[in-house]
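Input: one structure, supplied below.
Just so it is clear, A, B and C label the chains in written order, and each chain counts residues from 1 on its own.
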Amino acid sequence: MQFPGAHILSVEQFDRADIERIFAVADSMEPYALRRRVTRVLEGAILGNMFFEPSTRTRVSFGCAFNLLGGEVRETTGFKSSAIAKGESLYDTARVLSGYSDVICMRHPEEGSVAEFASASRVPVVNGGDGANEHPSQALLDLYTIQKEVRAKGGSMDSLRIAMIGDLKYGRTVHSLSKLLALYDRVEVALVSPQELAMPEKYVETLRAAGHKVTVSSELSQSISSVDIVYSTRIQEERFASKAEADLYRGRFRLNQAIYTQFCQPNTVIMHPLPRDSRADANELDTDLNQNPNLAIFRQTDNGILVRMALFAMILDVVDQVDKHARDVNWYHNRDLNELG
Amino acid sequence: MQFPGAHILSVEQFDRADIERIFAVADSMEPYALRRRVTRVLEGAILGNMFFEPSTRTRVSFGCAFNLLGGEVRETTGFKSSAIAKGESLYDTARVLSGYSDVICMRHPEEGSVAEFASASRVPVVNGGDGANEHPSQALLDLYTIQKEVRAKGGSMDSLRIAMIGDLKYGRTVHSLSKLLALYDRVEVALVSPQELAMPEKYVETLRAAGHKVTVSSELSQSISSVDIVYSTRIQEERFASKAEADLYRGRFRLNQAIYTQFCQPNTVIMHPLPRDSRADANELDTDLNQNPNLAIFRQTDNGILVRMALFAMILDVVDQVDKHARDVNWYHNRDLNELG
Amino acid sequence: MQFPGAHILSVEQFDRADIERIFAVADSMEPYALRRRVTRVLEGAILGNMFFEPSTRTRVSFGCAFNLLGGEVRETTGFKSSAIAKGESLYDTARVLSGYSDVICMRHPEEGSVAEFASASRVPVVNGGDGANEHPSQALLDLYTIQKEVRAKGGSMDSLRIAMIGDLKYGRTVHSLSKLLALYDRVEVALVSPQELAMPEKYVETLRAAGHKVTVSSELSQSISSVDIVYSTRIQEERFASKAEADLYRGRFRLNQAIYTQFCQPNTVIMHPLPRDSRADANELDTDLNQNPNLAIFRQTDNGILVRMALFAMILDVVDQVDKHARDVNWYHNRDLNELG
């Protein structure tokens, strides 16, 4: 696809070459995200960060990514804009807001709303999540993390083995990830969930049509025993008839250090889209995994900055100019992303 | 008036020469709003964007205008500040906040509150709307749009013919616009509303005292048949005794493409302060007008950026320096303000 | 203490030499806060301004201080982040958010929460207030104001005489101030409150252990008759059994111009942490004091900018570079901090 001026609405826009270009640009953003260098390539540009549904970290991540390229951010965080409450259409909202900024990131609770907004926008729009539908930058950062993690261990995206665990029915991230994995070769996918929360058939089909080996099960221990990546997801209590039933399910799909040690191969990478529910009766990834160096969940959010910087730089066509407008950092920084402060 | 250091509280501050200076500066801001050039003339300056009543687009428009001049924006979006809730006076709030930024834009639900705030502020204050009272930058962008639109068609502000339609009793924008139109010569004003929502007599008097020809009617079709500008406003349901009554009125003052074609002269410009209620049973301007090139409603909000940039540049006395601190844009832009993305 | 890379969590971190270094750096920030000069020393750096409890002025003050050093600010203002509402731990929140910015300012309603957050953060964290516990930048700006005011009158921090008035039991600011005053010599402290709201014994002990003379009383007039500083605090109605009882107490601890003239020595400085309750039946500092040049309450908030700039510059280790990246202001400014606009 052509990136300059493009909307980023769905992972279905990308072919494998597009993905690889995004990831190469993301790699090149690392000196800036690690604060070894600062660039002002987008000085004077404005991101309209329009969150019509709250999501603190996604909003802040997009905003920081734009700031790190030297641009400014104007944003809204309200559930609904006052105008929308007065009956304004998405068409009108888009026509107005796109007169203000150079690119818009939009999150909205309704499926399809961001695409509708984009069709009336006069500047590129990035989908920051539209209900159960799409959240493409999340899917990209997940895939980017998988690639980085498996390569660091000498593996490859082709021949990847991954287990997806938890609520595969409603989990937007595992659906998008499945679509993206279909772009690669010889992937083995273990789908592990309660039967009621199984991966929808269309995504299973997408994976199989790509020639991938897909296994479906409700058994955690076996499924995680021979994979490179365990991708765990949140199981939301409201999906179940009762709290007791929810607790039963959560217990069966919870990963902790003891289970990891007993069943996983060494170096199996643990991922999660976050937030992770850390309450005692609910955590799908136990906090006793926090010291496990293969817990990649915070490397995922760190990678989100790189991926979002890459998308902005590509959409606004400044990839080749980032380094030209750069200098070394002149303030204190000790950013070892794996160390606590 | 002297702009450097001045508060902008009411359209009554301006004489015609002031207006013409603001509009000339607004014209000069176009290369920046269109992203052909970037300036950092206000680099290091801070706008305190204090919205004690929500208004997403006004807030974002002021913030973007300040960013486009190179300044930073700090803001609040809460209905009430936590301090005000604890009984703090506007005097105290103003004394505190004016120690933080270089200029303040304030919106507040109570009439007169912004002037009270300004009298205690140590930096210039721009009224971003104080209840039913004033919203001067909205009035200026309306008038600026009228001037641009009629000039583009070879017309002139003197001898302008305009119809104002809808709720003329409570509509703050038509009151302010009337005051501004009184600064011009030989304007013909058709006031079209249900009798219950007629323009208050004092504004009619203001227009007549300026020598303007004012007609008052409840008949849409005739009133719009020989004007340069149709300025439509929202009719709020809560003004009526019942929904049925509101629907009746709305039906009579609704403009759509068929009515436009039948009654308006070609090139009659359609304006609206937005938001426009696009719900099927409520829209005062039908969405079938969206393809009509004379629908100027989004040019109005675009012009809001220019007018707000002009006000900031004049108040902070940097009009002559904007171009000196400018460079060409180095990122992708394809901002034809009339085209969809 | 070593400032570069340090968390600022409590006033107990500081010894007297630390305080004096902070105040010397704060003094050097004055040309920037007064808008005589602009610096871009922190250009490219990002402050994560994370307010999980609303506090408009503290949030805006921190944000402006960071902007004045040339940095960018990304923030959240919600009571709770959406992630925390889903059961996310402070550990996870900290690990995620500290990947986004260069320094974090955090406010949170729960005591100890900011320290817990900081222990998991990969970047320095400044405590912007954690419940009844600590708000170190407020304590520093209070002490900095005291030093400035007494020095301007030829006095000295050692041998300072101060009265603290009002709710000394629950008032976080007077507790922190007491800890800081213990770092100085020969201070005389008059504690004036209803018995039910007396200063907790441990803070009285801290002051006495430093060799200070402490008097405890419920009598306003005598206590304020021979001091350099009157530090008044808010008495919250909810501390009392009934409104009548609260009114009784407020009446006894209220300071106005008549009482000031009758009992205070000339030049006694009046301070208050703000917000001050200006409602007629509640104001602890009457508005008739507003014209009194010794009312230092707005100089306090002005000084907050200087102190917060100093903390950021020291934590990020750019104190020596601020002037190197500076230039004169090129926009209108008439910032006499004692004059109304």
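Just so it is clear, a residue touches a chain if its C-beta (ideal position, glycine included) is under 8 Å from a C-beta of that chain, and two chains touch if they have at least 3 such contacts.
Just so we're clear, the structure is a prediction, and the values are computed from it rather than from any experiment.
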Chain B turns onto chain C (C-alpha superposition, degrees, nearest 5) by 120
Given over half shared residue numbers means same and under half means different, the chain A/chain B interface is different
Rounded to the nearest Å, the gap separating the Cα centres of chain A and chain B is 40
Where chain B touches two or more other chains at once, the residues are 72, 77
The chain C residues in contact with chain A across the complex are 4-5, 7, 41-46, 48, 72, 74, 76-78, 81-84, 86-89, 91-92, 95-102, 118-125, 315-318, 321
The answer for chain C against chain B in the complex is residues 35, 38-40, 54-57, 59-61, 63-64, 67-68, 70, 72-73, 77, 234, 274-279, 282-283, 287, 290, 297-298, 301-302, 305, 329-337, 339-341
